[in-house]
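Below is the structure I would like to discuss, written out as structure tokens.
So that you can tell them apart, the chains are marked A, B, C, D, E and F in the order they are listed, and the count of residues begins at 1 in each.
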């Protein structure tokens, strides 16, 4: 089956980014296709490469980058990104800024669009 | 349809609201702070028991462990992320944020 | 059913202005409405406050969304459901709302949810 | 002590919780989504009326206007930010987030 | 009262892990405890879940705060209050908590709040 | 009187940043001293100079910058900033990154520390 994820909260402040990541991994381990992770609302803060958490904690931006390297599109909504100061120069590897039209295409394309948020 | 609830039933209305709109036979998965509804002997456990006549309840193992919840309502099945994906394969997902 | 037409329901459950969810939710709905999909909206719980007439954010100095609500119909977003009990609990009547809606019982809205391909809560 | 409540009384527990801990005579200021408690004829207006015997209730004007709330419970006084500061001059502030 | 000593109460009202508020709140408490102020903590509502024994975040792969709770006493943060009704509503007993606390009625905690110079909710 | 503000949520996503700003202005208009605005949790996102909201909406980072120019210290907690990818290079004018010790000094110094958040 084809899955995609909509993530509506930022890293660390809410658990949503963790749940979305673990779900994403489980989807792929089951042999399904995860086409994309679309970041909306504060979710756009997930892909800043300036994120620098304590050494003994998980690095959430690197997680998305790692999924991106495996072919999952990591997409940050442009309007939501601009409000929160996320721009191309800040993006972690394998992520990109795009529009809500892309989310609509994803919603039409996949079998399951699963939302995580607060 | 698979419903997920991710907020504490004691401080948010997601649990109550989801139960009002879920149809008979719909599985309900407790995740994140939503797993507090799975703990037995609280003021919401009666509500969960009552709805378990028509709906199956699940709770995510890693969220239960993180919160130290070990004594669960009988009606709740514990699953991992693989189990979450299996439920999502069978049902569309309605995430009650 | 046409394989390329999906039923997508946007569920607004948050009050306006205290958080951005309704505002950015409506931005999402307007974009999705430009595609030929079956878009509907359900207002539940505090979400019904987003439909209240006479919201004026001038003094608060934040951008409101009354105009966006007003153009939903022009974008063919016409299936707008409101939970009756949510209205009653909050002391509102359908006449207090800014746009025409269908007031339904929770069970009826639940049955509509059950046939959706995509559900997004805001 | 001045208490502020910034969440809807219908979906969060801040309103109930604040009322449990506030002492007699403490003013209570409704701000942001908290102003929904000021609207008359809802299922929480009885609770507000009851507590108004011991506590003064205030609501922030710009938040009421933004939400189109014009029919208020009699017990609620509408104030602006200058009024908020005046209350904070007289009392320590306890923000029930 | 010594002019340079203030009474500061940290009020934890959120469940752990679903949001970062308890975690970052405890970071704040530890820093403030290094200054010679009268620091206390009150756990109310879902905040009491933050004190639950046996929290193990290994599988969730997020950094927990059980160690921080454990060292509060070493930092002389010893006035830790828990609302009795919040415990009861959530089916927890004082034996379920990880550290020693004083269980009080809401009114008693309210009276303690009333004499604080600073109150911060987490 | 001496006031300070503790702001615990990011811009736009929650109204807290708006309420804190309007309260700050009212404090100063009443002739009180507002010594500082301390940003914690997602509040640190308030001071990114890359913020670029729609033209017809308020610009929240500029508001803090404007207060900073009037002598209010705009302080972003370092640990919270690092988790969320806020660093010196991103800071809007008249804001700085600092530690929780500074917040403690503020709490000791002022007559009123007022918290805004979600």
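What we mean here is this: a residue touches a chain if its C-beta (ideal position, glycine included) is under 8 Å from a C-beta of that chain, and two chains touch if they have at least 3 such contacts.
Bear in mind the structure is a predicted one, so any value in this text is a computation, not a measurement.
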For chain A and chain E, chains touching each: B, F
Steps needed, at fewest, to go from chain A to chain D via touching chains: 2
Most widely separated chain from chain E, with each centre as the mean of CA atoms: C
Label of the chain whose CA centroid is most distant from the centroid of chain F: B
Interface composition of copies chain A and chain F: same or different, split at half: same
Pair exhibiting more inter-chain C-beta contacts, C-D or D-E: C-D
Separation of mean Cα positions, chain B and chain A [Å, integer]: 24
Distance from chain E to chain B - Cα centre to Cα centre, in angstrom: 27
Where chain E touches two or more other chains at once, by residue number: 13, 17-20, 45, 60, 62, 118-119, 121
For chain A, residues that touch 2 or more chains besides their own: 8, 12-13, 15, 22, 41, 54, 79, 113, 115, 117-118
Of all residues in chain D, the ones touching two or more other chains: 6, 10-11, 13, 32-33, 62, 92-93, 95, 97
Full enumeration of touching chain pairs: A-B, A-C, A-E, A-F, B-C, B-D, B-E, C-D, C-F, D-E, D-F, E-F
Chain B contact footprint on chain E (complex, rising order): 13-19, 45-46, 49, 52-60, 62, 64, 89-91
Residue ranges of chain B in contact with chain A within the complex: 6, 31-33, 62, 80-82, 84-86, 88-89, 92-93, 95, 97
List of chain B residues in touch with chain C within their complex: 1, 13, 17, 20-23, 26, 92-97
Touching residues on chain C, where the partner in the complex is chain B: 13, 44-45, 85, 106-107, 109-111, 113-114, 116-119, 121
Sites on chain A touched by chain F in the complex: 10-13, 41-42, 45, 48-54, 61, 79, 82-87, 90
